[in-house]
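In order of appearance the chains are A, B, C and D, and numbering begins at 1 in each one.
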Amino acid sequence: MKKLAFVTILLLGIVLMAITADFPRWGDPLSPASTYLSPHFIEKTMEETSVPNIVTAVLGDYRGYDTMFETTVVFCAGAACFFILGSFGREEDDKIRYFRHRDTGVVLKVQPHGTRPSSRADFERIDPTWTPYDFIISRVAGLMIPFIQLFGLYVVAHGHHSPGGGFQGGVILAASFLLLALSHNMRTLSARISNKVLGLMSASGVLIYAGWGALALAFGGNFLDYSVLGVLLGLDPIAARSMGIMIVEIGVALTVMSTMIIIYNNVASLGAYDEGL
Amino acid sequence: MTEFLQTGLTAHYNYWIYIILMLIGLWAMMAKVNLIKKIIGMNIFQTAIILFYVSIGAKKGGTIPILEHAPGHGHEYIMDAALYINPLPHVLMLTAIVVSVATLGVALALALKTYREHKTLDEDEILSHLSE
Amino acid sequence: MEYIESIRPLLAVLVSLAAMPLIVAAGKRPNLREAVTFTAAGIKLALIVSMVPAVLAGAQYTYTLFEVLPGVPIAFKVDGLGLMFALVSAPLWIVVSLYTIGYMRGLKEHSQTRFATFFALALSSTIGVAFSSNLLTMYMFYELLSLSTYPLVAHMQTPEARVSGRKYIGYIMGTSIGLALPAMLIAYFQAGTLDFGPQGFLSGNVTPEVATALLVMFIFGFAKAGIMPFHSWLPAAMVAPTPVSALLHAVAVVKVGVFSIVRIVTGVFGVEMLKELNLGTLIATIASVTIITASLIALSQDGLKRRLAFSTIGQLSYIVLGMGLLAPKALLGGSVHIAMHAFGKITLFMCAGAIFVATGKKNVSEMVGIGKRMPVTMICFLIAALSVIGIPPTGGFFSKWYLLQGTLESGQWEFMVVLLVSSLLNAAYFLPVAYKAFFCTEKENMFPGPRNEGPVQCTIPIVITAAITVSLFFFYDIFTGLAAIGLGVPAP
Amino acid sequence: MTDQYPSLILIAPLLFALFVFISSWFSRKPAFIMTAIALGLSSASAVGLLAQIMANGPLSYRIGGWAPPMGIEYYVDHLNALVLVVVSCLAFWNLIATRPDIERSYGDKAPIFYTLYLLSVAGHLGIVVTGDAFNLYVLLEIAALSGYALLAMGNARAHLSTLRYLFMGTVGASFYLLGVGYMYIMTGSLNMLDLARLLPPLYESPAIAAAFGLVLVGIFIKMAFFPLHAWLPNAYSDANSPASSLIAPMTTKVMVYAMIRICLTVFTPALAFKSVWFSNGMVWAAVVAMVMGALFALTQKDMKKMLTYVLISEVGYMVGGFWLGNRLGMTGSILHIVNDAVMTLCVFLCVGCITFRTGSTQFESLKGLSRKQPYTMAALVLGGLAMIGVPPTCGFYSKWYLILGGLDAGHYEFVAALVFSSLINIVLFFRIFEIAFFEPYGDMHGDHYHGPPHEKIQDAPWSMVLPLLVVAVGLIVLGLYSGSIVTNIIDFAIPATII
């Protein structure tokens, strides 16, 4: 089997190598790819969408349909991970649980169907493998997180003029939350931002995108034609496109951020949302 | 030989790198029995294709496709097609990257489930478990 | 020719189909269920009879149901041949239904409702084949018949019955899909139509080689005709309850097979074309081999039903032989044999069933002296046997007579010899049964004791069909007339 | 709104998928209704679109108002309009027919199942409707990702099987992507019609040949064309039935459509059928697929698994029919997309009904099932007959065209393989019928079987059986309308240059 695989791969490689001779030279300014659609985008983008970052314009508008489904792919992956691993968190009462008294550090072991401590303020649920947070790590991470988030927001918002946009910003935002989960634990993250909220955010991000596009139908445009929505925003069609891109980027950022966290939560804890692996 | 080095190698080496990377990924997927290694192979494979696309977009003498302000204080932009690289492959690859991340997430979820059921990630072992 | 656009052919097909759900619904009340069957059968017969006068006058009923494929609709046409066939099947449904009541209730069989339901479906398909106006429609009903009879063959659900069912469906559907379907498509591909024409639709459209290949594929493809080597499903299918054997393996299924071949010869190839290509001898030879072989095998069978089955295989090939001779009289004889053999053979089968119900005996060697126990049944058996052999005063005489005339007409003496030899063989495997039934010493008699016929529902149908067999000797002209019109040959 | 049909087909499932997901965090109840509404809307739009296309001819729909090739367009002609109707109606009907099974199999997570279901349908519909080669890739991934998730829930093997499917699926999609990249590097365009315009001068180029090969291999992996089929049988048979009865009829058919679209529209018949050697090779490959699929099916002891191999055989029919390269063969191939979708739906729904009650489709557990589940078995009989190709069921008519196509092209091996696989299908299905109808589980009295005293009918719930019976009857109705589908739709779907 391995030999067969090797021969197949070798043959494939030889064929593909041979064919590269047919390709234009690397970086050739006269290659078909650089001379056919690309000049149109470079020269007309400003005029048609008033967005200087051409990638953002193409991503959000010319090929906005691709991007919408790209966002949907992300959402879909989140839903899939949740479907395969996760649960709605309706806890069964049939396992041994541990509770730690915050002030004294005393840990209670509660048998299945036993009585649990009533005060959430005094007791926290912990896992069998629980270890105290490392002070330095948790404090440093705590300091960094707001700045990471601020930067994430900047990347989202400034996507029109510099490299960035919803995907990049969304991932940075997600990273800040994951840092929280890593430096503290998953329960801390879940206490800040619950699975329910994440799920809702993830879906509403796509909803913002697709809904904004679908709204165009109501104003007589085609799907994702933001220009007709200028009426709604009090903008001319070109500015409306720019604004439309902004809106969908926000949707993208929302979905990407929350889905990354959903995937992390589910994969890292096998759907138990506790300390994890 | 020198001609080959100058034209053949330098002109197309980007494609060769992508091909080699792709084959490495494919090899990992076909020949490895550990599921995680297969997943890594899959990622290498996808990344190779991303590399291929991005290299299509390259253009000698071009900069990143974000319009630059023309000299002076107006709101004019330089819009010469020769100065910017092709934006389209970048857009396309943003999509492909996202897809590969999403696929990775689902693949890991499935591998974890498999691991939890069989306590191993070795495909041959799992298959022998299943046939019992 | 006059064409009458009428829905009657469709109705004749649909009547028994419509009866199916009613039969299922009435499953819990056997009497109501049988009533439904009889009503449907009566209506069907009335519809078919109502078409006789016009067809005898030279008209044809046509009805197009759907134009499914361009140029190939699901369509019906009632011509002489089809009507003749329908006129054989429909009344026998009534008779057999009556017989079934006696047989099935006598043996307390299980799943009687399923049996009656598929019986009705089988009848629909049979009439469908009879009234098809093109090859596709015929093929469709042919397959439907295969499917609807499968549960009947495997009815007993014993391992033996299941094996037989497997064999049955394997042979029948294997050949029809493996041979007849490609042949039909090649024919369509070459000719662009599938409508049966008075002189076929293939002439001028295919090369002689293709024509020969197609002919062979068709003849073996319609394996219900029991041409060797695709015959062995028929003896195997004898595990089915006797009414099935009687109606299906004497009338509906096997006759559908040969009727299909009649259609192929007359409607697809056309007699003229076959004459031109000299393919008639091929058909006749294939048929002759089957006739002689089957008759010889029948001689050695001890099981009465198996003996009848091999007899059927031989008799079916008479019809095919008639087609192969390509002479008007032979065509006529072959076609009429469909009817004549049907009445004779169904009587024989019902007798076998009646004997089984009354005494539980299946083998010929166990039936010495049975005539003394069941005289009426065995007299009917004798009459029917005479008909199958072809001795007057029975209907079977005429078909053999025309076939013999046909061999003379076409000047193919060798086939005359085949006919005569096989008739002798027929006599050799039937007459001893009848003889031993009546003439034996007290010592040999295996059935001492008082007269005891089978259930009255079994005996009455036997008497009816035996009576028809005799009366066909005097009133043969309805069948010969219809067949002659259908074949376009002068009526005798 | 009628000019927005093309977008509505996709927007409805997409938006409702989000609504269902959001609602799932509050209540389980509205999910089914919302899903049904979405798919109903989608099917209605697809039917409306088909009517529009039949009246006015092909149309192009510009997303975001951008003219192609700058923006993405939908290009809808008779071919995709037909497939759209098939896919959307099939998804809708499968939803209706499997509801009790979904609710039971997935419990709490049923709304998530509905979400993924809608996304999967949206992905497949998108593949069919789009006119952009790269967009097709994105939608391919949506369809695939949601499909992995749907198939992952099943028996103990399901996760591993799905993971293997994921590997193969990803390789397939990546090959497709690479092929599109090759086309892009040579032409600079991604729009299908635009590519068709730009490609002719490049027909001699090896890179374009490679692009063609890569795209085809990618699609072949996704459609499980033998010998790239290894992922399919396990993935489909290990999954829960509601998922497999959606994915099995849908994915392979949509991928066959994608192959036809790529060959006819992007590369045009001029290139696709340029090399006789190549198209003959494809027909031979299809012949092997048909025969091997049938033979593998013969060795199975589990009905669901057997059906997956039959599916592989059927893929061979469609691929082979297309590569015959003549009008009759393509007609057969496209008609078989429609027919096979309904046939497969029918038999897989039967599997669903059976597993709903017995939990297994092993031949052992089918014994005497006809008494327990008579309606399901009746539907299975019809489905089986359609698979065998008995008139007047629809399976016969597509075989009719396929065989005629084979005769016309002189590919007698294709005709022989078709007949052979039909014969094998007889064995396959009658074996099941025999077990289910005649295999006893009561007592035997002598050599006479009297049946169990009073076996209670315990068929699947009416809400499953009734839709199943509708599908089964639909097999016959569809068969009777085959002719009009061919003359009114498929004839226009095949380019006039193909005779």
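In this section, a residue touches a chain if its C-beta (ideal position, glycine included) is under 8 Å from a C-beta of that chain, and two chains touch if they have at least 3 such contacts.
All values reported here derive from a predicted model rather than from experimental measurement.
Asks: Between B-D and A-D, which chain pair is linked by the larger number of C-beta contacts?
Replies: If we tally the C-beta pairs in contact for B-D and A-D, the bigger total goes to A-D.
Asks: Measuring between Cα centroids, what's the chain most distant from chain D?
Replies: With centres defined by C-alpha atoms, farthest from chain D sits C.
Asks: From the C-alpha centre of chain A to that of chain D, how far is it in Å?
Replies: 32
Asks: Please work out the Cα centroid separation of chain C and chain D, and write it as a whole number of Å.
Replies: 43
Asks: Could you grab the centroid distance between chain A and chain C? Build each centroid from C-alpha atoms only and quote it in angstrom.
Replies: Here the centre of chain C sits 74 Å away from the centre of chain A.
Asks: Residue numbers in chain B touching 2 or more other chains?
Replies: 26, 56, 88-89, 92, 95, 99, 102-103, 106, 110, 113 - these are the residues of chain B that touch more than one other chain.
Asks: Mark out which residues of chain D touch at least two other chains, giving numbers and ranges.
Replies: 134, 138, 141, 145, 148-149, 152, 159, 184-185 - these are the residues of chain D that touch more than one other chain.
Asks: Using the touch rule from the top of the page, what residues of chain C touch 2 or more other chains?
Replies: none
Asks: Taking all chains into account, which pairs touch?
Replies: Touching chain pairs, listed by label, are A-B, A-D, B-D, C-D.
Asks: In the complex of these two chains, what residues of chain B are touching chain A?
Replies: These residues of chain B touch chain A: 7-8, 10-16, 19-20, 22-23, 26-27, 30-31, 55-62, 64-67, 77, 79-82, 84-92, 94-95, 98-99, 101-103, 105-106, 108-110, 112-113, 116.
Asks: For the complex, give me every residue of chain D touching chain B.
Replies: 134, 138, 141, 145, 148-149, 152, 156-157, 159-160, 162-163, 166-167, 170-171, 174, 177-178, 181, 184-185, 190
Asks: Note which residues of chain C are touching chain D in the complex, please.
Replies: Those residues of chain C that touch chain D are 66-70, 74, 110-111, 136, 139-140, 143-144, 147, 150-151, 154, 156-158, 160-162, 165-166, 169-170, 173-174, 177-178, 181-182, 185-186, 188-189.
Asks: Using the touch rule from the top, collect the residues of chain D that touch chain A in their complex.
Replies: Going by the criterion above, the answer is residues 1, 4, 7, 11, 14-15, 18-19, 21-22, 24-25, 61-66, 69-72, 108-109, 112-113, 115-116, 119, 122, 126, 132, 134-135, 138-139, 141-142, 145-146, 148-149, 152-153, 159, 182, 184-189, 198, 205-207, 210.
Asks: Given the complex with chain C, which residues does chain D contribute to the contact?
Replies: Answer in residue numbers: 385, 388-392, 397, 400, 403-404, 407-408, 415, 419, 422-423, 426-427, 430, 434, 437-440, 444, 447-451, 479-483, 486-487.
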